[in-house]
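First chain A sits with chain B, and in the next complex the same chain sits with chain C.
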Partner chain A sequence: MATKTRTVEVALGTAGVDSDGRAVRTPMTVTENGSVTTLEPPALGAAPELAGEHMLINIGPQHPATHGVLRLVLELDGETVVRCIPHIGYLHCGFEKIGEYRQYNQVIPWTDREDYLNSIGNNVAFSIGAERLFGVEVPPRCTVLRVIAMELSRIISHLVWLGTTCIDLGAFTPFLWSFQERENVYNLLESWVGARLTTSATRVGGMAADIPEGWTDQLRHFIRTFPKTVDECDRMLTKNGIWIGRTTALGVMSANEAINYGLSGPMLRASGVAYDVRKDFPYLDYETYDFDVPVGSNGDVYDRFLVRVEELRQSTRILAQAIDRLPDGPVNSSDHRVILPPKSRAMSDMESMIHHFKQVMEGPRPPIGEVYVPVESPKGEKGYYFVSDGTAKPVRWRIRPPSYVNLSAISKMVEGHLLSDVIAINASIDIVMGEIDR
Partner chain B sequence: MLPGSANPGAPAPATPRNLPQRGGEPNPSAAAIAAKFGKSFVRSEVIWGDTNVYIQASAVSEIIRWLHDDATQQYDYLSDVTAVEFRDAEQPLEVVWHLRSLPFRRFLRVKVSLDKRAPLAVDSVWPIYKSANWLERECFDMFGITFTGHPDLRRILMWESYREGYPLRKDFPLRGRFSRAEQLRQALSITTEGRYSMEELSVAQAFEDLPEDMRRRLAGGERTGE
Partner chain C sequence: MILATMASDPVVYGTFYDPAVAVTALPWLLFTILKMVIVFTVLMVGVAMLTLAERKISAWIQDRIGPNRTGYGGLLQPAADGLKNIMKEETYPDAAYTPLFILAPMLSFIPSLITFAVIPFAAPLSTRWGIVEMSVANVPIGFLYILAISSLGVYGIVLAGWSSNNKYSLLGGLRSSAQMISYEISMGMAAVSVLLLSGNVSLQAIVQQQQGMGWNVFPLLIGFFIFCVASFAETNRLPFDMPEAESELIAGYHTEYSAMKFSMFFIAEYSNMVTASALMVTLFFGGWDIPGTQWDNLPPWTFLKFALTLAFFVAKLLFFLFLYMWIRWTLPRFRYDQLMSLGWKVLLPLSLAYIVITGGAVLALDMLQVPRSVQWFGISPFWAALGVLNLVLAVLLFVLLDRGRIISPAYSRLSPIQIARLRAMSAGRSLAASQGD
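On to the complex of A and B.
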């Protein structure tokens, strides 16, 4: 019995989908005993009606990729986000309310806990604002130490951002590298102020402590070794095909949109707006330091990454200049309306004793007035707005939280993107829920 | 777009020093508002180097729109919207807008005084600045000020069913208005739907599609898995 030979050829690989979203099937040929038959593709029925079926996905509040207790309710069409409703407030502690019941120096520990990756930077920002309200000037050594504090905390914050964003997008190694360096900065802070995370390092009119002996050498060592880590992370990610694929053209904000949505910090600069509070509304003599403001061009997640990595290098530059110019002298203002006089004088000098008594019993009292002093925090423009009625406690203490305003644009940024891109976009905002909910 | 681009001849910005408490160089926008909106302009002052402009509540939208659009002002960036209530109960509540002009590198604080005996309402600046969205919601949440024209004025930091009032008002005690027992009772009696507003998600019909027993549990406010 002769066996029939039968060959079936099927074009491999999908040719894609047609304009209605149906799979395009290529014709098959069947060769049977020499005769070739071409089979037409089976007629497709009506396209399934999927357009009306939207799915709701709830991300958070307890979800590692939301960087805290953020809850996003996403309405999905297939895998595309149609609508995003963010919910916040799970960490609301009423910092602003509590601040109205505390003296100025007593508020400083609360600033640690607000943007907890930038605690020493918040301390400095608070003190600059309060000092303007009190009309107090600080000595040059204090100013330079505060610049060092702010740049160290910018490095910490950006490193945490880099590490956690890498984890979110599936890269594990840069996370370990950046957290190792962060540990080095925390060691520096620990030997300076005695605390790693909740520093409370400043006072109105000065610092809680001067740097210990040999501290600048440790900092110099850090400045020498740190750029190597940045370069390693840079090499690992910047030209990495997976990284580029997961970050480019996501969450694009044009320059005008970014300004209108009130974005600030690396988010705004990635969109091409060179607004940096350190350059445009300087404080702490930042205009005398030589550093560049990195600016992106596309305003997508990849540009935000590039801007932050470059800011790590610029912060290192500022640190190097700050150590070189660090002057000798006192760290505290000599104005004894805000800074306690030395104990020896308080016991021997009448006026010092009065200052001591007044400060301890009533607390320093600013004149009636209000100030808003913005600083460039790692997240963007952070400012403390104080209103004083002449008593020792502020009438209103307002935090202008940069990541709160940045996060408010998330609906605009994620809509139209895929579900998996929501994670990348959310990571690129660099949110800290402690600051958003306060 | 570049900060400072509209005013190239201006000296490079520098850290302010020895600012006087009152007086000093006022922001030219204050005089411009006074000249253009004479009736709606109340007064202006310079305090610690920043200019405060007090305006009438009825003209907020108009004046801030002009500050945003006019080529000689260009206040393109809204830093903050907040409110201040003073300890003196007689003093009016103030709503504060912190405006920033990137092209001119200027900062202006616009203020409106609201009489506490009247309903607290002021125009929303959301049609001008999208950043006002959450800032105004927070101000509503904390002070109870209604921003007319805001597209979605809901509580943001406190939850939807929060009944104790407006936390940053001076008549709100630091520990909350209700006793701990009452706070606990309310927290335990929260229904799922109160937290996960079905209406907001426009899936009210999805509730009907749930199995009968699940619907009964949700409607009865029963908590599961806690």
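On to the complex of A and C.
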């Protein structure tokens, strides 16, 4: 009879210990037909020596290394972490609730602010989801531009991750190198959509703006120079003995555990699971691009580092292909349900003016239904879930935040390691609190 | 045997000058006070400029410009920083133990300055009152003095960590005390090899020995390596900046400090760097020796000789200070336990074995009557023989202790069951405490 063993903590609400101070844990065997049998409790190992008084320490919410307002309550035995409780919610803005009172296009600025390192990627992801709900097709130029936007924002996010992780482990210089490159990407975005961080670049059914004259040349220049910076950072860290010593065998998640915790993105791929939404549930014609999905083998912090650095290179590859295939044509869909008429016609033509007025004041109405669209954000599988009752505003708009799910594994990864490792592991998750608290 | 060699080899162990012509009495006192004032001033201004240099060098490494608003090219930036620190409010946390909280920066600051006192920084200068020695205090036990005083600096850090009554500060203080004590041993042991070669603990004698024989860095290559690593740890500089570890412990032991008290820790760090660099120069790079000539080692002690040797000393010093900064902006940080195992499991056994090897080699070379003084092509056979031995050892060492073998990976030290047990213990305690009250 096939059995699965799992350990269940019983008697919640009590201290969870018996009279000898042992944890009350009842391992159970769950059989296929659902009946439960109890096993012998596992023998406790030798007591750790010098188990003195434990120290409770707060990392955050204001701390240089928590990447936002994450608060980790750590119970330390010496410098070894025996318990880690993450507290979130310090950056709660109610994006999802606000979304229920906004038309679809009006929600787009809020998507800038949830994962603010990936704002243009979020815009694209939101629009893809909303378009599937509306049943709108976008023209090919728009699709390619959105691929460029997605990959640029992946580069931004990974560069921030690389830089801040370096700082967390004490190497300051790659931080500034990678931030210089990030600055170059932001300059590109600025000349495209006018904003750097809060881009709001897409609309349901198209883009807010087409790329300006000569923009692809700037992008080509960036693609030429950027890999040099990646190589420099790579040289500084990948074979550095201290870096390897700080990151290998740290916060290991096996493929099984990673899947069980629902991890996605580089966190999951570092554990050896080649799951990439771009490959497995392609959107924006990603299946037609030639790129590799880097996969780690050990699932430790070092593998996550390698995976992300390789993803920077793969993103550059995708960008190069996207520029080459960028077609001419409109960036907006011709579907009048979601797209405003041209301003000149709205000012001269009665029907167009009414159409413009209705679109702006009431907003486009999707059919009744619900849709979930996952995309591969830099942090992992990001999904937007919409429930529509046929009105111009979503009844429910829900974000599947990869940072949030990935962060849930931090206790598992951290416990048993040292205080310094908490910082490295936390950095390796690549969290953005805006996305976690929403 | 060694003593006999020392006595019979005047080039190596001769004196710079006859003690009878040294400056004495009132002029001696005045000169000493003058030297103290000058060295103190130069050191303080130098430290201030070092902070600027650090920022400029880091900017250069990181493709930035660095401070350039205050004064020409940012030259007045240290003055602006100093002024800012003096004008800021001195904060005293409620929970801190105030007497020690105030005392700690001083305890950190003072030893870092007074260690410089015994370092000879130039050739002696002949004046009309006699010959003036160019170190603030020519102590015959110079090196022991440095070991003794520089180890006092750790008290400042520990007390700062403890008296702040802050968990981060405490962890920083604990780490630093463990780290500095561990690496002090390796540092002292590595320096013993220099003492074996020079047969004297006076820094003047060590400089002199190198002038006669050649710089110690070649015959004591591994000793220099160990000393260099340990002095990085001693000065709490990256990759050993555990006590501050800004991303983990906010600012470590000086989290609670502000204004001038914070500045004192800062000055202490930089003057420790200067002293450690000066020590490396003195013990391994010939001190104020000008390489390739004996002109600077022989009387008359003119002002030109003084100025040139001083310039060479400063140049070597600046090279090491640059090395400190270069490494800081290049490497990531060790983890605390990796650092301790590097200190205790690698550097300490290495330095102990090295003492035995060096002692044996020196004894053997002396028994074989290998001359220490310069013989052919300006090279001392003794120096060359020991150097070749070190080169071989260094190659072996660096192959054996290649990366990945010194630093252990960051495995979890506890099994899940041990973690559960530890958790249960604390839960039991808190339960008992809540029921007891």
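Basically, the second predicted complex is superposed on the first by the 379 of 438 C-alpha atoms of A that agree within 3 Å, B and C clash if a C-alpha of one lies under 4 Å from a C-alpha of the other, contacts with A are read in each partner's own complex, and residues count from 1 in each chain.
Here is the rule we use: a contact is a pair of C-beta atoms (placed from the backbone, for glycine too) under 8 Å apart; a residue touches a chain by one contact, two chains touch by 3 or more.
Nothing here was measured: the structure is a model prediction, and the numbers come from that model.
Student: For A:134, is the partner it touches chain B (first), chain C (second), both, or none of the two (neither)?
Tutor: In the superposition, A:134 touches no partner, neither chain B nor chain C.
Student: Touch check for A:409: first (chain B), second (chain C), both, or neither?
Tutor: first
Student: Touch test for A:170: chain B only (first), chain C only (second), both, or neither?
Tutor: Once the two structures are laid over each other on A, A:170 reaches chain C alone.
Student: Would you check which partner chain A:75 touches, where first means chain B only, second means chain C only, and both and neither mean what they say?
Tutor: A:75 contacts both chain B and chain C.
Student: Quick one: classify A:423 as touching chain B (first), chain C (second), both or neither.
Tutor: Touch status of A:423: second partner only.
Student: Once the shared chain is lined up, is A:243 touching chain B (first), chain C (second), both, or neither of them?
Tutor: second
Student: Shared contact residues on chain A, chain B side and chain C side combined as an intersection?
Tutor: Looking at chain A, the two contact sets intersect at 75.
Student: Report the residues of chain B in contact with chain A in the complex, numbered from low to high.
Tutor: That would be residues 1-4, 12-15, 17-19, 21, 47-50, 52, 76-80, 82, 84-88, 96, 98, 102, 105, 107, 109, 129-135, 138, 142, 155-159, 167-168, 172, 174, 200-201, 203, 206 of chain B.
Student: Per the contact definition, I'd like the list of chain C residues that touch chain A in the complex.
Tutor: Checking each residue of chain C against chain A gives 58, 61-64, 167-168, 171, 238-239, 241, 245-248, 250, 329-338, 403-404, 406-428, 430-431.
Student: Where on chain A does chain B make contact in their complex?
Tutor: 56, 73, 75, 85, 88-89, 92, 94, 96-98, 101, 132-133, 135, 137, 255-257, 259-263, 272-275, 279-287, 367, 369-372, 374, 381, 383, 385, 387, 389, 391, 395-396, 398, 400, 404-405, 407-409, 412, 437-438
Student: Tell me, which parts of chain A touch chain C in their complex?
Tutor: 15-17, 21-23, 25, 42, 44-48, 51, 54-55, 57, 63-65, 75, 77, 79-80, 82-83, 166-173, 176-177, 180, 236-237, 239-250, 301, 415-424
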